[in-house]
Each structure stands twice: as structure tokens, then as C-alpha cells.
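A, B, C and D are the chain letters, set down in written order, and residue numbers restart from 1 in every chain.
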Amino acid sequence: MKKKWLIRLVFSVLTLLIVSILSFMIIEFAPGSPISRYADNPKITSADRERIIRHLGLDKPTSVRYFIWLKNVLRGDFGLSYMTGRPVLTEILARLPATLKLMLFSFFISVAFAIPIGIYAAMRRNSLPDVLISFISYLGISLPSFWLGLLLIYIFAVKLQLLPAGGQLTPWFDSSAFPLPVRPAAVFWEHLRHLLLPAATLSFGNIARWCQYLRSSLLETINENYIRTARAKGLNSRTVVYKHALRNAITPLITVIGLNMPAFFAGAVITEQIFSWPGMGQLFITAVFARDYQVIMGITIITAAMVLLGNFLSDILYAVFDPRVEYRG
Amino acid sequence: MRILTRNKLAFTAAIVLLLIIGAAVFSPLIATHDPQLITLKPDKICRPPSAEHYFGTDDLGRDIWSRIVYGSRTSLVVAFVAMFTAVLLGTACGTVAGYFGGIIDVILMRLVDIFLSLPTVFFLIIIAAIFKPGSLGIAILLGLTGWMGIARMVRGQVLSLKEREFVEAARALGYSDRRIIFAHLLPNVAGQIIVHANLAVAGAILTESAVSFLGLGVQPPQFSWGTMLYAAQDFVLLKNAPWTAIFPGLAIFVTVLCLNYIGGALRDAWDPKVKNSGESAGF
Amino acid sequence: MPEILLNVKNLRTVFLTSNSRITAVDGIDITIGKGEIVGLLGESGCGKTAVALSLMKLITPDEGAISADSMQFKGRELLLCSEEEMCRIRGKEMAIIFQEPMAYLNPAFTVGEQIAEAILVHSPMKKKEAWEKAVDLLKLVQIPGAVNCAAAFPHQLSGGMQQRVLIAMALACSPELLIADEPTTALDVTVQARIMELFRRLQQERGMSVLLITHDLALVAGIASQVYVMFAGMIMEKANTREILSEPLHPYTRELLLSLCYLEKQEQRPENLKSVKNISGIQPGCRFHRRCSGAMTICSKTVPPLVDFGRRSVRCWLYGKGVG
Amino acid sequence: MLKKYLKVILLVFLASTILVSCQRQEVSKPLVWGIPYDVETLNPLFTEMAVETDILNCIFSTLIKVNDKQEFVPDLLAEMPQISEDGLEYSFTLRQDVKFHDGQELTAEDVKYTYEMKMAENNAVPDRYIWERIDTFRVTDKYNFKIKLKSKDVTWLENLAYANAMIVPKHILEEEFNAGGNAVSKGGDFSRNPVGSGPYKFVEWKTNEYIKLEAYDDYYRGAPAIKEIIFKVAGDSNSLLAQFAGGEIDIYDRAEANQYGELLQLKEEKDIEVYKYPSYVYLHADFNLRNPIFQDKKVRQALNYAFPKDSFIENVLGGVGIAAHTYIPPWSWAYNPDVKKYDYNPDLASELLDEAGWLRGEDGVRVKDGVRLEFTINTNTGDSIREKFEVIAKQEWEKIGTKVNIQNYEPGTLVGDILQNVKFDIIVFAWKSGFDPNAENLWHSQQRPDLFGTGQNYIGFADQRVDELLEAGLQEQAREKRISIYREIQQILSEEAPCIFVYFYNDLTAVPSGLKNFKPNPTQANNTWNIWEWELES
């Protein structure tokens, strides 16, 4: 079994390599170049341009640049950003925590809401609450996050002024202004109140999708015969649902959630933009527009690695929840 | 048709969807105005819904009702083509990988991983730059970049289904792989596929709008519900002329809703497991 | 007549589907005495399983509804028992063995866990003790390598093993009434015999009653004292085993007896709830009249009443002059 | 269990809300300035972004400044430089009371070092344009230096007023320069910990969150009144508006035109002031003169006549903008009020096309010599105003018998490919004029990048008279003579109509009404140019 996972790991690394080659080629074929940002700067002379191209190492052929890049990456050096001149890794690491914080919190929120709501809807299927839940879910699925985000900002930040419209922390927030006993609560709240709106925006669609998945999957499971066995043992309906049905119903959800990892990143790009969240999303967009190859490659590789990790974890979880898969697979 | 009448809700949904499709086909008959007609007069710009303009006008004085009617053409084509592409690719890949396993599985799943981790944005930019796709092109692109989820889901389902007794029985009876896949496996995965397909339609309508922002999707003067919604995402517009955002949003919502109800009924008809539980609505 | 354990009067079970109602059990009476083994005989789709589920009140409101004049178990009226009370009865006082073992075992848990769970629900015990008891139970049902088996997942076991696991699970709390729905279909003849032997032993040692539901007359013949013959949701004949075997009254019972003589190997038809559907769209008259060689005019018009002959009863126009 | 679960969530939320209401006691809040995105560097040697200028204005000083009346005033200099008769040599005298934030005195050596840094071979500074014109740089004593230009250029001095001519400290950069192998990096230590001589000291830069500055008490003009300034990154214009409305930022600079109404409405509710003032940025639709269709002046004029410029400004921009008729804004001293103005006149446009020989074909599209009058407009995606320009232009131009296609590109592609490789028919984007009317890079025939590899004359405009005038304008010192030079250039440009000058932007800035001495500055000096003077009355 260990060997199996090891092989999987090797394949993941190979996948990363292929992704890096493809990305490099794709970027290379994209119109525009890192110096196209100077096209509208009247102060740049053609000599300036050539000098910058040389400095960035862009005068070398693509394949040579790829191998230089690869060699450096293997040593942990992702190069310097063309935009800021700082190491790509530094740039990414400066933003990754914020992105992860938002993603993990939203993930937690999504799971925390989707699972009970999904169970509730399945248990009372076709009742009024279920119909309402599915209605809201469809709304969540058909509402674009940029729209929802703006709406939330308008209500909670502009009108009610309850929560901040953006940012991760108030720049002048000073925890020492609070007496010691409430200080942890104050810090916690300071973090939480900034997280609430973006996390809600990022989670709404997920909650909608996941709870409907779970509902449908639970309904299928509840019709399984082993549920009857469980009830025949004298288990109360709660145990039957939470232990026997849920355990089996959750497996398809795990795949869906694992697959949502890239979507989470994509969603984060828009959410981060709307809520001025200091994460990677904005870095990626500006890097794309500025054709900052180094940053793009860095983010691509790191997110690809995270996506692979997510898939890997979801596969492990899948095997844990559904022992049949492990058996022959 | 017999499938649908089983369930009044699904029946209603089917009628509504037919109406929407009808609107797309017969746009010129249903639209009250030229959807592209810009009227730069203060009394025409951002007007609320009225007898003249059922859904009001947008910030260039265009009739929103007519734009929604015409916009359905782009949106539906993009959504359905994207969905079919994704479902076809995903199901094929997932079934083959899950059923045959071994090296085929490994290769196909690595392919999925690669596609999942590629920077889709770049992919889209380049293809858009090279081919200048119209709405059909975008639809196929969206399908090509969105099949991986379905593939993994189908594979997972097939993996656990093929351990089930009926598949083993079928195999023991010497049925061909093709017969087992089409007669035994796919009908059992169909429920989940329909769920995914439904989501894919909604996803495609929305992704198209976001992608347009990057310069890869439907560009003016062409428009879709998604781009209408995107154009209305402005804070000021949202506050002062909410109908510019509400009606395209509603159009998407109703379509998604209908598809889901129909999908639910189709799945009931398809999936033997849920049949006798009286399960009707929902995914 | 021993002390009565279960007494059911006029049990009706209706299943709901999205477009119709199916009466799977149509007014049957069953009485089981303490320490008695009673057979419920009938072919696939006759509603046997529905009876089993109804007795345990395991039919959910979504699936259908049960009704009866009374359902007395140990002097308690089950119809009046809340779901909570039923939970206490199920598995402890009344247990059930399903056929199709693979489908009735949860694929996500080891069989040991599933058996231990059945024990833990009803008795305060440490998990480890329960596990040990589960292993004992597996030994009891003749599973070779019970310790390994307990740690296995259902899909890792053969059909016969799975069936025995289900039996072990049902026996976990030494129930007073065991409802065994085709308990030995998946087992080969020797194991089948051993299981029957086990039932008999438990009956004698612990005074356990068994409702043995099967299509296999031979199985019933060997073990049951009373036999109910069921066809299309109704009891056709009730008698003690000897009488049934020696002097079957109902044409259907006779048919069953004949088939026992001629068929060496019983066809193992999978039977489950879905086949109950066959009953829908019932014609008036005796349920059996279409297959009956001696059908009369009245048979196709009116349902015959259950004619009571004291110790035995039969539902056939041949034997009683009912109404009309 | 479900209910309990939901209850707990609700409880946490309620408790948090109560907590926040208790927390509402305002701590001494700094002045918060919203910026739409994070800056790239705080090293003025490498700066390119307007937002960077906002911040660098606080930290660094320049030799001279451009004030809100668009006049040169000395900053680090004791007085404006003396210019020799031939216009080649500039003599500078520095103030003697300027100290960097670390207490070291700012001297002529620092100025020279700044120049040397710009010119250092290994430094990847984006532009050397202004510095390359220097022939010699001579430090005469601690506070005096002389610069001699290679050739006469009356516009040269202006460049010294902006962010990329800010003076950096030699004693600090030297170390990095030597350690970096005769190079400093755009992302080097100095760019994240800048030390300047401006009114504010750098405190903290949290990537993509905020940059914090505090008052420099030893500033030579005296300690600034506002003690702390934070430049807070706020995503985009929607976010900026929301954060401004929610009180999270105090100053919203460069608001969008369509937000003007909203800001005025906010003014009713809050204590704010909204400034609307003309800017040097103008939107234009360039004709690609390499395309035979556009080589005929009459076609270009017709398209100019057929676009309803005034209606566009009134209805799409809500009046936040001023019609442009040339690249020089109406409030510039060089503006020519008598240029040809293309007021909306579709009939005249049709006539012009008829005259040019473009006659309507069967489908209503004009044809000449078998060529249809069909072309494509490009702009960058994500800019709703430009997209609106396109659809309006399409509607109006098709009325006069053309076929218009629209094709937009993601910004990187538009600039890097379509513009740079002049692959467009008509391209819509904006330029920012300098406040000096010189625009050699746009109109001189030697500045066509496809032919000469330099310049921004993407239109491909070539007019001998304009070339001469542009060259003369650089040599001429006297204001009156320059006026007549640039008036003639504008005359020719408006007649030739190489593009549609659409409108000059109006800049919008919303500030707390208690902010004193806020003097908006539409030049590249930006609005923080006089930040030392600001005071905040509550």
C-alpha cells in the first residue's frame, strides 16, 4: 500500500514537470512580453528597452531560459519578479498566508454549513424547508460571486457599517489598546470581522453546491439496504443517519470538494479583488497583465502543487471512507 | 414525455425552459426593441421597468427586456455546448479510467491532474489570441477546460460500482465490457452526471461572463446574460439601477432552476435506486 | 399452546411509489408462541419480506404505511410504541436477518464493528468487550478465522460469510424473536443445516422464537412447528408442519409440495421489495385463481375468507362457504 | 443536534457583533489614503507608477516641484536654477537645511549620485531619457552644482520635478550598490526601506495591505501637521468607494467618473469634500494611417463628425469630462481655441464620404474601388467607458455607411501586441500629456516605432511642418513664440484628424472636509505634492 502512494508521489512530481513545460510554452506563445508595459511610456528609449531585455535575460532562446529556470527552481530559486525586482518566492510567500487563511476559513465555513444543511434537507425532503434550501442553493449556484460580494459590501459595510469592506486587518489596529482579559477576544474578532464577508462570498456557492450534493447522495444512501440493517439493530435514526448513511454519502462529496481546490483558487482571485484581500489573486492578475513570466510560473507551479496535494488528500480520504476502493484500486 | 409528466414541477420547469429556448429562437418576435439601439438621452438612460421597457433600460438606454431575449441565444449556446463537451469528455475519460483501471487509469488520471493544474487563464488567452473565437469557440474552450471534475467523479463512482454484485455477476456471465459499461455502469452514474451537467450549465453561463472580462469571451457588441451581469457589477449601477443586474441574474437563475428540476426528474427515471422512494425534486 | 409472544391481527402494509400504492400485505394474522419456530412460506414477491419489515416497524413513512387491528409483542402493543421504544425493542428483543447479505452490510465498516455496534446499542459495554463478543458470535455462526473476519470489510468476504455475519449480528443481543428472512439462501447445504441446527439450539436453550421466512418448504419442514403459507399478500393456509406436509389443503400449498418433490435444486431467485410490485393491479377474486388448476367461477369474483378449522385454517372456496 | 449547532453559530456571531459595538471607541486614527493596488517599489530610481508618486512625494524630495497652478517652484533648491544664455548650462543651489531621515545632510553629492545611479550600466532603471541629455555634471561645492546639456531642450527642467528625479541618499545606497556588484535592484533593500528627505518617514510596508508613514519632525519646512499617513490598498474602484463610504479610508483619489454622483450624495451624509478638476489625461481613438482606408483625410474627418462627443460626455460620463479637440487641454497656456471642432454632424460626415468617393453599396456599406468601408476598433477589455465608446461609435458610424467590428483584447495583448506591432485599424486608449505642450514622441515622424524603433507615434502620423514645429518648440525659450508654435501644431492636427480626440478626464478626489491646504495637482506631481502643508481639523 505504501508503495502505491509512493508511486503516486512520483507521478505528481512528473505532473508538475509537465505542467511547468506546458505553462512555459503557453506563456511564451502568448502575445505581448514583459517589456510591452513600456509601450506607452514616452520616456523609454529603444536603448532602454534593449538594456532591460538583457537585464531580464529575455535575450536568450526559450528552451535555454526554461532550463535555467528549472535548474534554479530545483534549488528553490524561482527567480526575480520583473515587476518588483524581488524574489518570486518572497512575493508569493508574502501573499500566500492571506490566501490560505481565507481559503481555509471559507472551506471550514462551507463544510460546516453544507453538511448539516445537506443532512437537514435530505431528512425533510420535499418539505417546505427543503424546498427553500434547494431554492436558495440554486440562487447560490446562479449568483456570480462578484455580484454577491458587492451586495454584501453594500449592506454590511456601506449601509450598516457593521463589517469592513476590505482588507485583512485594520492597519492601525493595536491590540494593546485593549485590557488584557479581552485582548485575545479583540484580536480574534478583528481577524474574524474582516474574514466574514469575503468568506461568505467565497463559501455561498460552495455551500449551495455541496449541500445539494450531500442531499442527493444521502437520499441515495438512505435507500440502501444496509440502512435497514442499521435500523433493525435498534439504532436511533440519528445514529443511522450520522454514522451509517453519512459515512457512505460523504464519499462522492469528498471527490467534489477535492476537485474544488482549483476552483477555490479561481474564486479567490475574484473575491480577493472585491474585498482587497492581500492574497495571491491580485498578484496573479497583475502578473498576467504585465507578462511577469517569473511570477506567473511561480504561482502556476505552487498552485499546481497545491491542487495535486488536494487531489492526493481527497484520494486518501476517499479510500478511508470507502474501503472498497482501496481493495482493488 | 412520460418521464416528465411524472412530476408536475419538472413538467412546469420543462415548459419554462421551452419558453426560454423559444425566446432564443424567435427573439425578433418577442423583443420589443432593437437590443443594440443606444439612445443617449437622459430620459432613456437607466430607466426603471415600465410599460414601454418591461425590464427598464441600461446605462446606454438600451432595452433590457430585448437584450435578455436576444442574449439568451449566446448564453444558451455557450452553456449547452460547454456542458456537452465537458460531460462527454469527462464521462468517457472517467468511465474508461475507472473501469479498465491499471495503466490506462494511471495515464488518464495524470492527464486530468495536468489539466487541473494548468493555468487555464493563459490557455484561454493564447487560444483566444490565436483563433479569436466567437461564442461557439468559447463554449468549446470552457468545455475543454471543465471536464476534469466530471472525469474524476465518474471514475470514483465506477470504481465503487464495479465492485458491486451486479457488475460482478455481469462479468461472470461473460458480458462484453461495452455492454457492462453502457447497460450497468453508466445508468448508475447517470444521476451524478446529471447533477454535474446541471451545475456545468450554470457554471458555463457564469464563467463566460468572467472570462469576457479577460478579453476572451463574448465581446461587445455581442452580449450574453453573463456579460450583461458583468457590466452591471458596478457599485453605483447596482445601487441606482438594480434592474440592470437583477433581470439578467434572474434569467440565469430561472434557467438553472428549470434545468435542475428537469434533471431531477430525469434522474428519477434513470436511476433505479430512487424510484420507489417517491423522490422527486432536487438534484 | 405455549405462551404467546407475538400476536398480529389483520396486518396491512401499503407501499407508496411516485404514482401508485401497492398493498404488499393484505390483512394477515400471525401468532408466534414463546420458543416456537414458525415458518412463513411463499414464493418471491408474495410480500414475505414486507411482513418481516412490518413486524419490526421498519417501513418508513416515505416508503409506505402499516396498519393492523393489533400487533402485540410480549403483551405490548407495538402499534402504540414510539420510534424510541421501537429502537429499544429492535435488535434486543426482536432481531431480523435479511437476505442479500452484501446489500445489507454497510460497506464502510468492518463486520466486527457492525456486530459490536449491535451489541453496544443495547448494553453498556466497553468497545473491546463488544468486539470480543462479536468475535464469539462469528465463531457461533461457524465462521472460520473469526478474528480475521471481524476485522474485514464486507466486500472482502464471500456471500456465505456475509450471510453468517448478518446472522451473528441478529443474534448479538439474544433476541426473543428472530425474524429470519431467507437466512440461508446464500449458503451451501451443509452450512445451511448447521445454521438451522443453531436456530434450534437457541430455541431450546434460550427459548428464542423464530419466524422463518422462506420459499423453501423443505427448510420449514425440518424445523418449524407452525407454517403459514402466503400468496400475494394474503395468508392462504395455516397449519402445523405435519399437517401441511401430510395433508395440504390449499391448491397453492399442494403446488409447493409438488415442486419440493420434483425440483432437486431450488431456483434461487433474488427476492426483494421491488418484486412486490407484481401484486399491484390485483383482480377481484381469489389471488391464486389464475394459477389454480381447480378454479371455480366464484374464485374469480370474490376473495374467499380464511376458514378456520380450529387448529388450522385455509383460504379457499373449496373448504368454506363464505359470503356471496 | 442540528439545532444546537446552528444556535452555537448564531451565538458566536451575536457575541462578536456585541464586541464590535463595544470596540467602536475610535483610537487615534491616522489619515488613510486609498490606493487601488499595491506599488512595485519605493525606490524612486525605478518608479513608474502614478500611485508610487503619491507615496514617494511624502518620503522624498525633488530639486523643483510643479505647484497646483502649474508653475515651477524650488523644492530642495534655494531658488530656481540659473540658465545660461545658450540654454545649455543650469546652475543649481541647494538649501542648506535639508537632512535625510537618518539625520545625514543632503548635499550636491547626493544629487550627483542620483544621476550616476540612473546612468550606472548595471542598474536596470526603466528610463534614462532625462539623464542622457546631460553632458556634464559638476559639483562646485557642498551645495552648488552645474549641469550642462548636450543640446538645448526647454522642456528638460520639467523632468526634474517628478518622482523618478527624486534625490536618493548616497551614503545608504552606496552600500547596496557595492554589495550588488555595481547595481541596485528594483526590489532591493532600499526599495522596501526607503530613506529620503521628504516630510514623512517610512515606517512599514505590508505587501498588498498598506504602507505606513510617520511625520518627519526635522523636515526642513517644519514638522508636518498630520502625524501618520497610511496608504491602504483597496482592490479596485468599487472597493475604494465602498471603503470610503464605510469610513475605512479618508481620501479617495482618482475616483471614477461614474462615481461622481455617488460621491456628491455621500457629501450630503458625511463630512467630506469632493474635488473635481481637469486632468491632462485624454481618451483618443487612433486611426492607423498605414491602412489605406484612413489615408484619406476626409474619411478621418467624417468619422470625427459622426461621433457624438458632447452627448457621450454628458450621458455616459455624467459630465465628468471635457471635450478634447487636440492633445492640449483647454486650460493649458498653449491651447489653441480656434482649432477645428468636430461637432456631431452625421450629414456632413456622409457628404465628406461621398466626396471622398466612398459610395453606398447594396447592403448600405460604402465601397470604393472594390474596397468596403469596413474596419475594426480595438481597446482593452475591462474598461467599460472605452467599451461604451466602441458601441456608440459603431452605431453612429454604421449610420453613415461603414461596417464596424469590435475586437477587444486583454491589456497585455493590446499593448504588447496590437499597439506595439501597429496591428489595429482604430485603437482606443488614453494618453497623459505633460503640462508642457511638447509631444514630440506622439507626432514627430521620426517617432514612428514601426519604422524607427522608438517613440509612441503608433498612428504613423508624418507631416513635415509638424516635425519642424515640434523641433522648434524644444529650442524656443520665449513663451509667446512657443504659443504660436504649438497653436500651429494643433491647427494642423485638428485639420488632419489623425485620431479622434475624445475628451479630457476630470479627476475626482474626495477628502475629509476638515482637510486644509489640499490643493489638487493634475500634473505628474500628483495630489500629495504639498502634503507637508496639510492639516486635518476634526
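The definition used in the following text is that a contact is a pair of C-beta atoms (placed from the backbone, for glycine too) under 8 Å apart; a residue touches a chain by one contact, two chains touch by 3 or more.
No experiment lies behind these values; they were computed from the predicted model shown.
K.L.:
With a step meaning a move to a chain it touches, how many steps does the shortest path from subunit C to subunit D take?
P.N.:
The distance in steps between these two chains is 2.
K.L.:
In terms of C-beta pairs in contact, which of B-D and A-D ranks higher?
P.N.:
Higher contact count goes to A-D.
K.L.:
Taking CA centroids for every chain, report which one is farthest away from subunit C.
P.N.:
D
K.L.:
From the Cα centroids, identify the chain that ends up most central relative to all protein Cα atoms.
P.N.:
Looking at where each chain's C-alpha mean falls, the closest to the middle is A.
K.L.:
Taking each chain's centre as the mean of its CA atoms, how far is subunit B from subunit D in angstrom?
P.N.:
43
K.L.:
Based only on mean CA positions, could you tell me how far subunit A sits from subunit D in angstrom?
P.N.:
Centre-to-centre distance between subunit A and subunit D: 35 Å.
K.L.:
Using mean CA coordinates as chain centres, what's the gap between subunit A and subunit B in Å?
P.N.:
Roughly 22 Å, centre to centre.
K.L.:
Quick one: subunit B and subunit C, Cα centre-to-centre, how many Å?
P.N.:
Centres of subunit B and subunit C (C-alpha means) sit 49 Å apart.
K.L.:
Out of subunit B, which residues touch more than one other chain, so two or more?
P.N.:
Only 125, 129, 163, 233, 235, 239, 277, 279-280 qualify.
K.L.:
In subunit A, which residues are in touch with two or more of the other chains?
P.N.:
Counting only residues that touch two or more other chains, subunit A contributes 30-31, 125, 150, 153-154, 224, 288, 322, 324, 327.
K.L.:
Quick check: what residues of subunit C touch more than one other chain, meaning two or more?
P.N.:
Each of 62, 103, 155 in subunit C touches at least two other chains.
K.L.:
Within their complex, state which residues of subunit A touch subunit D.
P.N.:
Contacts found on subunit A: 30-33, 36-48, 51-52, 55-56, 80-81, 83-87, 91, 94-95, 98, 112, 116, 119-120, 150, 153-154, 157-158, 161-162, 164-172, 174, 177, 185-186, 189, 192-193, 238, 272-279, 282-283, 286, 288-291.
K.L.:
Flag every residue of subunit A that touches subunit B in the complex, lowest number first.
P.N.:
Counting only subunit A, the residues touching subunit B are 11-12, 14-16, 18-19, 22-23, 26-27, 29-31, 121, 125-126, 130-131, 134-135, 138-139, 141-144, 146-147, 150-151, 153-154, 209, 212-213, 215-216, 219-220, 223-224, 251-252, 255-256, 258-259, 262, 266, 270, 284, 288, 296, 299-300, 303-305, 307-308, 311, 318, 322, 324-325, 327-329.
K.L.:
Which residues of subunit C touch subunit A in their complex?
P.N.:
Checking each residue of subunit C against subunit A gives 53, 56, 58, 62, 83-84, 87-92, 95-96, 98, 100, 103-109, 114, 117-118, 121-122, 153, 155-156, 166, 169-170, 172.
K.L.:
Can you check the complex and tell me which residues of subunit B touch subunit D?
P.N.:
36-38, 40-42, 45, 59-61, 125, 128-129, 132, 212-216, 219-221, 231, 233-237, 239-240
K.L.:
Would you pull the subunit A residues touching subunit C in the complex into a rising list?
P.N.:
Residues 125, 224-226, 228-237, 239, 244, 247-248, 321-324, 327.
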